Structures are given as C-alpha cells and as structure tokens.
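The structure under discussion is supplied below as structure tokens; questions concerning it will follow.
Note that the chains are named A, B, C and D in the order they appear, and that numbering of residues resets to 1 at the start of each chain.
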Amino acid sequence: MIVKRRSVKRRSVERRNVDRVAGRRRWSPAAAVALITAAALAACGSSSGSAATAPAAGSDQKISVSFLSYNYGTPDIGGKGTQALIDAFEKAHPNITVKPQGVAVADVLTRLQTDTAAGSPPDVAQIGWSKMAAAYQLLPIVPVQDIPTRADWNAAMAGFSQHLLSAVEVDGKVKAVPYTISIPVIFYNADLFRKAGLDPTRPPTTVDEVKKDALAIKEKAGAQGVYFAVVDSGKSDYLTQSVIASNGGREVGPDGLPAFDQPAAVGALAAMQDLTTSGAQPAITATNAVAAFGAGKLGMLIGSTAVTASLQKASTGKFELRTAGFPSFGSRPAAPTYSGAGLAVLAKDKAHQQAAWEFIKFLTSAEGFTIITSKIGYLPLRPSLATDPKYLAPYFAANKLLSPALAQLDDVSPYQSYTGKRASQAVVALQDDAVEPIVLRGANPASTLSSVAGQVRGVLGQK
Amino acid sequence: MPSPSATTRRIVGTVGRHAFLLGATAIMILPVLWALAASFKTPGGIFDSNPLPSPATLDNYRVATRDFPVWRLLINTTVMAAGVTLLQLLIAVPAAYALVRFPPRAHRVLVALIVITLLVPPQSLIIPLFLTISHLGWRNTFPGLILPQLYGTGLAVILLRDHIRAVPSTVLGAAVLDGARPGEVLRLVLLPLLRPALGAVAILLFITAWNEYLWPSLAAPDIDHATIQPGLAAFLTQEGPEYGPLLAGSMLATLPIVAVYLLASRRVTDAFMHSGLR
Amino acid sequence: MANPSLIAGERGVDHAPPVVRLRDRARPWLYLAPLIVALVVWVYGPLVFTGVLSFMSWNLTAPHPSWLGTANYSRLVHEPQFPHAARNTLVYAVVMLPFATVVPMALAIALWKRPGRVSTVYRTLLFLPVVLAPIATAITWQFLLDPLSGLVNVVAGWFGVGAHNWLGDPSSALYSVLLITSVKVVALNVLLFGAALANLERGLLEAAALDGATEWEITRHIVLPHLRRTVVLLGMLSLVVVWPWIFANVAVLTQGGPAGSTDNVYYRLFTYAFTFFDAGTASAAAVVITGALALVLGLGLLVAGRRRRAIA
Amino acid sequence: MTHIADMTTSGPTELPTPTPTPGRPRPDVPDASDAAPDGITTDGITLAGIVKRYGAHPALDVPRLGVPAGSLTVVVGPSGCGKSTGLRVVAGLETPDEGRVLIDGTDVTHLPPGERGVALVFQDFALYPHMTVERNIDFGLRLAARHDRRSGPSRAEISSRVAEVCAMLGLSELRRRLPSQLSGGERQRVGLARAIVRRPAVLLLDEPLSSLDAQLRQRARAELVRLHRELGNTVVLVTHDQLEALSMGTNLVVMNRGRVVQAGPPEQVYRYPADTFVATFLGSPPMNLHTVAPAGDGRVLAGPGVAARLPGPPRPESGPLLLGWRPADGLLEPVDAAGDGPAHGGGGPDVDSTAVDSTAVAVPAGPGVVLRGVADVVEFTGDGTVVTCVSPGEDPPWAVSIRGRDRVPAVGDAVRVRVQAEHVHLFDPDGGLRLGATTGRPDAAAK
C-alpha cells in the first residue's frame, strides 16, 4: 500500500514536469491566451487516459485498464481497500496495469456521462445499483457475461452467491458483477438496550418488536428509539424497496412502472409512519439520525452495512455497537434489497474488454472478497469464505457485525428500476413527494402513494 | 462640557455598538470556530454536543495530509484561482479603460450586454462549456479549468469601470499632453493609480474562484488535477462521511488565505480602503 | 503686443481625414476585443447552444440530440416543481437583500466610526467566514442545526425554546438555508462597505459633530447618502454572486427538500442536468431564468433612466 | 485713427460719446485679419468655426478667435462659459464637432495632443501621484525619447533640462518628493515645470491659481507674468477671476455662454465694455447701471435718483437706455441735510431745477451725471471705501468708491455723486449692447 502511494506520487511528478514544460512556453508575454491554448493541448496529449491509445492485441503485451471507483483516492478505508485490491491484482497480473480514477460517490454517473461524452470512458467502472438501470440505458456498457467464454464465466462464478447473481440479471444476463455490496441491518446500541432493561443478545426481529424496544429505550434510557433510514439523504430508495418487499409488495412492478400504490406497499410505509407517530422514531433526516446514533443518543439505526466501519469508529470508547438482521413484517421473511455497487465494463476494444474481465474476475474472486470484506467492510459475496480459515474465518471470528447481514444474503430481493429514461426522476419523486411526507410528516400513506404513483407514471410516459 | 445626559448617551452608544459588533461577529465566526474545534475531534467525539474537542487528536490532519493529496489540491486550486484572476484582469482592464476613456458609439448596448452576462446562471452554461472543453481535450488540464471561468469577466469590467471613472481625468489628460499614447497612459499612469483597486477586485475574484465547486468538479475530476472544493467532497464517502478529515482539510485550505491575509492585512485592508469602491 | 482678432464668417463642418477617423473609431474595439472574444466564446456562444438545446431531447451521451419542439418548456410550466422553485427563488432574493445591504452596512459603519486595533481585529475575524470552504461551512451548520444535539438547539433550550428541526421542517428550512448563507454574504460585504467608507472624509464628521449633530443624524445625513451607490451595487451584485453559496448549502444540507421548500431555480436546473441527465429541460430552464433576469434588469434600467431624466 | 473714426454703427443712433483720455493712443497692433487676408494668421493660435456640443447645447461656439504669438492671453468668464472647453479643444483633449484649430499656421485639429507642441497646467495640477517630482517633470521627455530614439532627447539632455526647470522654479530640493508630500504652491510649480520642460510653443493654464490660498496667489500671479516674459512663448490662461484677468494678461478674451463676447487689451476692454455683461463682469465693485429715459432734445437723461446731460448733437429719438458708470469714476459731493443744494459750494451753480418731482434729481447744467441717494452700506477696503447707496424708487442699489482719506459719509447720510461725461457708458436696454464707441469691432459684440 505504501509502495502504491509512492507510485501515485511518481505519476504526479511526471505530470508536473509536463506542466512545467508547457508552463515555460506559456509565459511568453504576448498573446497569452493563445499560447495557453497551445500549452493545454500539449499537456493534454500527455495526460489523457490510456483508453484512447490503441493497444496491441497480443496477450503478453502490456495493457492498462482504467478503473473508475468512488472508493479510490478517498482517504478512508474504502480508498485503502481499493488500493490493496489493485496492488494484489497487479502482482498477480504483471502484464496488466490498472489506472485507477477517483470520483465523488455522488458524481459517478455524471462523471461517466461526461467521460463518455468526451470520448474517454473508463474501461471498468464501479456503479451504484440504484443508478445501474440508468447506466445501462445511458452508457455504452458491455455486458460482463458476454466477454468471457461460457466455461470461463461458469468457473469464475462458482461459489458466488447464486441468489444474488440471478437477482442482478437483466434480460437473463449479468451485465454488471456485484462488487461492494451491502444490505440493510439493524445497528443497535447495546448499552442503551441494557439501560432500557432489554436484552442486547436478543435484538428485535420484527418491525413490531423494533417499535416495542424503541419505545422502551425512549422511556427508560432517555434516548431516541429507532431510526429506519427510508428517508435517505441521497434520495436512494433501496430501503423503501426493502420494507415494501419485506411486507410482500413491490415498489416497481414487473413492467417497470410504479407498484407502490398497492396495499402491501401502503402497509409497509404506514408501518414506518406509525414508528414516527408513536414516538418510537424521531422525525429527522438520515444524516441527523446517523449523528444521533454516533453520539449514543439513538437506540437503533436501520441502514446499510456500508457504514459499519464508520459507525464502529464513532462508537469506539463510547458504547457497544451490535448488529441484527433486517426486521421482518410479522411472520413474513425479511426481504431486504441490496445496495452498493457493481462492476461494469465500458472498454471499447476487445483487448481492453478482456483485460477488464481479468480485473473483474480477480476483484470478485476469493482473494478479492477477502480484501473487500476485511479492508472495506462490504459483504463477502462468496458466503463460504466466512468459514474458510484460508480466507475470512479469522475475520468473522473477531468481527461479528457483518454476520447477520451475511446470513440474510440468500433472502435479498433484487433492486428494481423504473423503465425509461426518466427513471431517476421517478425515484426522486417517490422519495421526496411520498416517502418523506408519509414517514416524517404524517401524510396519508394510501392517498399520497396513489397520487405520486399517478405522477410518476406520467413522468415515465414522457418523451 | 458635555451634559451628564450626553455622557450617558455616549456610554450607552459605545456599549451598544460593541454589543452589536460582538454579537454579530460571534454569530458569524461561530461556524469557523466550531469547524476548527471539530477538526481536532475523534470520529466519535464529533457527534457530541460538546463543542470542544475532548479528547483532542491530530488524526484528522494526519489523514488529510497523508492519505489525501491535500497539498497537491491546494496547489491546483491556487494555480486555478490565480489564473482566473489574472486572465480576467488582463481582459477587463483594457476593456474598462476603453469604456471610460474612449467609449465607442455603441457603448450603452455593450455595457448592457456585459451586465447580462452577470445574470446568466453559470449552471445554464455548463453543458455547452463542458462539451467544448471535452472536444478540445482540455479535461483535467489547467486551461480547461481556467478559460471557461472567463464567463465571469463582466463583473471585473463593471467593477473596474467604476474605479477608472474615479481616477481624475485631468491626470490622464496630462499624460496624453505629455505625449503618452493610449497604451502608455494605461500602463504608465492608470495602472499604477489603479493598483489598490486592482488589489481589491483581484481579492474578490480570487476568493470567488477559490470557492468554485461545480465547474472544477466537472472539468478536472481526476484527483491529481482536482481543486480543493470538490476534492473535499471525496470525504463524503459511501462508507460514511469522514467529517473530521474533511474539516481538517478545509482548515488547511483556509489557512493559506488567512495567513496571506494576516501577513498582508494592512495591504489588503488598504486595498479595500483605497479601492474607491463607491 | 498683439491684438486677438475676431472675425465673423467662415464656419463650416470640418471633417477629419479618413485615416484619423479610422484610428479613432478602431481604438476602443482594439481594447475591447479580448473581452468581446471571451464573452462570445464563454457566454453568448454557449447561451445560443443552450437555447437550441432547449428544443431538444438529449441525455448528453446519445450521439445526437433529437428534436422535441417546445415540450421542454411546457414541462417546466406544467410540472409543479419549476414554478414552485421560481417562487422560492424570489423569497431567497428578497430575504437575502437586507443581508447583502443593511446588515453589513451597519457593521461596517460601526467598525468605521471607531477605527483602531479593535476594529482591525474585528475585520480579520469577519474575513474568516468568507474563506471557509463552502462544503465545510455547510457541514458545520448541519451539525450546529442538528435537531437532537445541535448547538443551536442547546442554546435555544437555555432560553426555554424547544428543540426544532431547523432544516427538516418545511416551514423553517428555507430560512435556515438563507441565514446560513447570509453569514458569508454579510462577512464579504462588510469588507466591501468598509472600502466604500474609506473614501468618506472623516473631517466631515467632525464638522457635523461641531454643528451639534447626534450620532444618528451624522449617520443618517452624511454616511448613508455616501453609501447609496454601494448599496445598490452590492445589492445587485450579491444577488448574482450569492447563488453558488446557496447552491452548496442546498446540495449538502437539504437537497432542495423538505417538500421542495429549499428548492430554487438554480438547484432545479442542476437537478435536471446532472441528476436526471435531461439536457433539454435543463436548457429550457436556463433560457427561462436568463430571460426573466434580463427582463427584470431591463425594466430596472428603464425605470432608473426615466427617474434620472425626471430629475434632470 | 481715432475711436470716433473707428466706430461703426452698432446702435440705432450715434450718440456723442466721450473721447478717450487725451494722450492715450489706441493700441496700434495690426489686426489678424489685416495680417492675413484669408483670415488665417500664421502665428499664435487660431480657432476657426469651432463648435463643440454636449448634447444639443453648444458648449463652445467660436466663429473666429486669434491668439497672437508671444502674448499672454487671459480668457475670462463665469463658470460654465466654455473657456475651459476652449482650452481643452486647443490642447486636443476634446475634439471639436466643427471647425479647425491652427497653431502657428499648422492645422492641428486632428493631431494627437502630445504632438501639438502644447502644454497644459490643470486647475488641480493633475500631478501623477505615484511619481516623484522629478519623474513627473521628465515623464513627457522620457516618452519622447522612447517614441523617437533617434531624434528624441538624450538622457543627458533630459536631466539637464529638468535641472534647469527645477532651478528656475525653485524645485531643486524637492525632486525626490511625491506630490502628496508637497504644499499647494509647490504642486503648482511642479505642474508648471512639467509643462514648460517640454518647451511648448503654446502654454495653456487652466485656472492655475484657483486652488492656491489668497496670499500665495498674489505671488504666483507675479511669477507667472515673469515666467511668460522669460519664456517668450504664447501663453493662454483661463480664469474666472476678473482681477486676475485684468492684471496679468497682455490680451483679454471675455467669454459668456460658449461665445466670445469681447477681446482686446485689458485696459481697452475695461474702458469700453462691449455690452452690459462685460461691463458688470469686469471691475470690482461692478459698473453701476441705471435705466434712464431721454428728455427734451434727447441730450438729457433722467431716471429715479439719476439725471444726466450729455454733450454732442441733439438726439431726436426717445426710449429708455441703460446708463452705466464705474464706482471709481464717481465723485462724492457734500449735500445739505435739507435740500438739493450743495452744502459747501461745489457744483451748485450749474444745477437746473426745471425737472422736479419727488424722485427726480436736478439735471446738471453742464455735461455729466448727477446721482442722489442715501448711503446704505459703507465698506472700508484699506486704500479706500466703497459706499453702497440706494436711490428712491425701484432702482437697484449702486456703489461709489472713495479714494484714500476723502470724507466718508455715514450710513443714512444723503449722498450726491457726480460723474464726468467721458466716464459715462450707454447701453441698449434690450440686448445690453454698447451704444457708441468701442475700440473692438462692433460685430464682435453683435455675435
């Protein structure tokens, strides 16, 4: 990892030299503007991605793969973990160089759009599932399953969670391979449980129990009870899908149109609203809830395992953090939706596509997931790794937080997307105009969902 | 000899003024102080109500400087902001000079067209600007970062026009009579006189460019070419926001400007003081 | 000794030689050329492009935009979001105005009346909010306004005011964002008003004080008239400069919510363009915003011009 | 040539006019039009058909004006009369809408200011605040050297010329100072030095004394006159101060409302003002004006508190006139407390007591004017006294200056003043034009 950091520095030094050469030309006194233009073109020629330069076809030849990742370059565990993955891959495949590109998580799709518009999309991109449908539609994505031979594919994917693979299939094909995957769980503050007279070893398993325990915490521990992060700051609807699916409904129908006005969905959101109106849940945004949980003022937080590490950091020295599986509605099995990201290929030519596949194959291999889980905190999508002493058994022995989520991996329901190019607008409409008013501000679930469903249908039907 | 009531009134006035100043200043710098304190907090401590860091740690600064290329981003931002400021002044000074000293017949229309550019929301230009620099292959380059930001040059022109108007026309006339050509009047007489005003306008432009978020995030997304503002957003990760390092990074980003301000405090104040912004 | 002579007669229009005329005519354009090029390339060209795009449907990546006609515009008008955002934008502008003018002016005058080390310290402190990174400012306020443990609610609690969800309640979110942004606006404008005050002769004040004018009378009759032009300039300027800051705060703190209460046309434009990847609708919004602002400016200039003529 | 002979018709009637003081020759300088038949002088400055408009209003409208080479010409007029605009047109800082500017016979209308051989000292001196005194002075020379490396001044020449000028104006000690470190008088000298170091053919001064305090101004006035004598070039000075105008120039140009009203040697303009504007603008206190009506054969004029008998042939025509006299030309006569008669002799016998009414004054028997009034304000001016008097009736007050230690009336005293006929000026009440002789050209006044 330290080695890699140095190599980043080396690259930037080279680039700085380019800039310096260009800079020398730049400051001739007259016509500054024109010369800057010239210098820019010179600088650009040397710094633009390798994607543009055509590679030689031979497999022994050196080839580079550009990899856009929202984890890369971040100063946290995600960045470090990604660097570790790349280092391990380059060690295993000396003829392939990975050129990582960082991006802010909120900007992934923008960046891919703009890179594609600029004619230099990355070869491999880490794309969030909530944006994957839009990405399929907007971007020149090459279905991953089409790249290798069938045998190669089958061999590589053996041991992978088949339930998840089939969940992400589109038109019978895996277009993007699940990579950094999380599913929602209950994070709870064991100290507050004890204070409220609850048994931290027996966390709630149903929504009703969640409510009961939350009210107990509120009354006896002097803290807020629970926060069900359906109102997501990023306007993502994965938790909305999770609760609706767990109540036996669908947010998006098989036709890609809204189904959230059906009774099961209405019931799910009514339950969420009940948490708020009963006082079990504070009427605040998810960001505030995370802060409250970190401050030890919230008993339970129901959200994605992605934040496990940061919650763990925040709780260190303050309270005991534990996790439990996503709660069910009564006796129906919980059916949380996964969130996180998959790996998609945008490489233009065969050679780069092949190299991209090699890279993806490695990232989702046993070695890959060992690093992903132990360094970043995402779920190992090859469940057997958790008990394999060669891989993650030591990690899970010491670290129980991911276990409940892993246990639910086979219950996950697929993330569903709306159809058409206004899908993202539909999600925002649902979250802003229905979920938030219902859950936080007491809007009538049935009528609100029904009117928003009508609105979304209109949006989706537009050209 | 002031009457007792006048003295009382003066005391009340002084106290009132200081109360007003203190109160307003406190409210305004509260976020800065909070951010400063929070940048020394532990990941758990940041969620506490206690505004003071206890325990205090330098971890956030360590993360911001070691695991994050904060210095490189600061250099990029400085180059960008300085470039934007310099180019805008380079373009705006002669234009404002011409508008004041030898206005063309259409100058009213021209001024209106310049003012309109101030009103055009940058967001509405971003799609075409982005496509332009993409086609030129200017993404992740300084020209791509800097040149499109010249859309804001109109502001510099309007501000400088006022400043140039405030320069006594007789002094410029004297230079003309001394045989100075228009360019020489500008270079040898007007520019030296305008220096404080240029300083003030430059500071305004520099701060604006320094704080720019949207354009750099599109024009230079590579972390090696990014600027500090969108760069800081990298701390808002999917795995939970890294508030501490983010605030530490932003403190480091604020530091250079504040240091320059403190060092050149007199000059900057003087610049604003004598900028003749009326 | 000579006698100046005055002779009646000979008078006529005397035209300059063509070369002189050409040189005099060309000179301003020579100096204005870089500006004109910059504005054409980076404003008016893109604006025309935006105008054309507003009649198209395009997601930025498809090879070609497709012709759509006026559908984008009718979408803006018929969907509730854009008109709502436009109303909010007006509120933003109106509420921001005193923070761009009256408040910083009062601070600047208070600082200016008693110069010295203390006001230098104040001035330095007031410079800080201007340069704190926008994203850090937003996140700091997110913590300060936290409904459960934010400092603002803690302090409000001392005064017996119950905890309030400042950013989460549609009734207060807009004003919270405005106040947060106004801190920066006030800080910057204190500096600029200070600059304007530096041109005011202190001797005038002493003269007025000798005339027996009270502090308020001095302020009212000497200081305020001196600042009139600055007030107008900064009032207008702030309405232009302030949007990126509002934008950053909205993007980090509320994302336009709750219930669209903090939405504004600029954030909406960005949402259309980079959340929905709908370049056509975004362009139509841009055209509407620019047109409306130009209209307001045009009317303002017209009224100002008429008033000036009326005075003359 | 006599004035009578020179006189042409300017009013409806030729009035017998006072002749100039014997022994005063008319300044015998050839007119510009005499020198060059086409109307263009070869030396000095000529403005031909100059019109400069701001908006629709002409700020300057000069059909023809010549400033002789080597003269110190003072242009005077109230503020806003176009005198500064005229100066800026000559300097080239303003381009006239119509007409031509000639300097020493060359058309400079479209020459850049720096190439006209003209220097201008501004009212505010317009020093370059960021340059030292020395840099201020040599700026123009350094520019000339830059523009023309071959024939421009050399470095040695520049420094010797600057040293010379500094010595001449007493600036040698101040060369390293910045303008902000100088007093008003010093700044004025720097402004002058900057102007004359370039050895301009024409030196223009725009109210150079107005920003100096009174004491300094007197000295600076003398210095400027001396400087003109030493340099010997054409100097045009603009002022609104009539005292400055009368005392400094060898030529005087009076302007009003963008037009030249009268031009000529100061004494001539003072003695024979072309109209009531010039008459009242020059001189302090200004000329007294009375509305009078002719009586009898037209040689007797009378108004409230004033009566006059003029020499010359009878005047058949009647109609009111304006009668003017300068306060210094009035002789105070003692009066009886009771009546019209002189208290202590004096002009007693020549009083004609035929015209009598309540406000009327007895018409003097011989040529001259007699005024009666009551002293209202008495001002001591050091070398004399100015008494402002009011006459009965609607007429405005009038003033009379008393020299030295002559007897001064007290406030409220009845006053009688006698003016000799040759000191009387008559004006047409409609246009205010002078009736009778002027030494200027009558059509000049008509313009």
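Here is the rule we use: a contact is a pair of C-beta atoms (placed from the backbone, for glycine too) under 8 Å apart; a residue touches a chain by one contact, two chains touch by 3 or more.
Computed from a prediction, not measured in an experiment: that's the story for all the values here.
Across the assembly, the mean Cα position most removed from that of chain B is the one of D. The chain pair sharing the most C-beta contacts is B-C.
Separation between the centroids of chain C and chain D, computed from CA atoms only, is 55 Å. With centres defined as mean CA coordinates, chain C is found 38 Å away from chain A. One inter-chain figure worth recording: chain A and chain B are separated by 36 Å, centre to centre, where each centre is the mean of the chain's CA atoms. Separating the CA-averaged centres of chain A and chain D is a span of 92 Å.
The set of chain C residues touching two or more other chains comprises 34, 60, 143, 149. Within chain A, the positions touching two or more other chains are listed as 33, 110, 114, 117, 291-292, 295. On chain B, the positions that touch chain D within their shared complex are 168, 170-171, 173-181, 184, 188-189, 192-193.
Residues of chain C touching chain A in their complex: 34, 57, 59-61, 68, 71, 75, 142-143, 146-149, 165, 167-168, 170, 255-260, 271, 274-278.
Residues 33, 109-110, 113-114, 116-117, 134, 138-140, 224, 233, 235, 282-285, 287-288, 291-292, 295, 297-298, 421-422, 424-425, 428, 432, 436-437, 440-441, 462-463 of chain A are the ones touching chain C in the complex.
The touching residues of chain B, when paired with chain A in their complex, are 42-44, 46-49, 63-64, 67-69, 72, 87, 90, 130-131, 134-144, 146-147, 217-218, 221-225, 230, 233-242, 245. On the chain A side of its complex with chain B, the touching residues are 8, 11-12, 15, 19, 32-33, 36-37, 39-41, 43-45, 47-48, 70-71, 73-80, 101-107, 110-111, 114, 117-119, 128, 180, 290-292, 294-295, 306-307, 309-311, 313-318, 340-341, 376-377.
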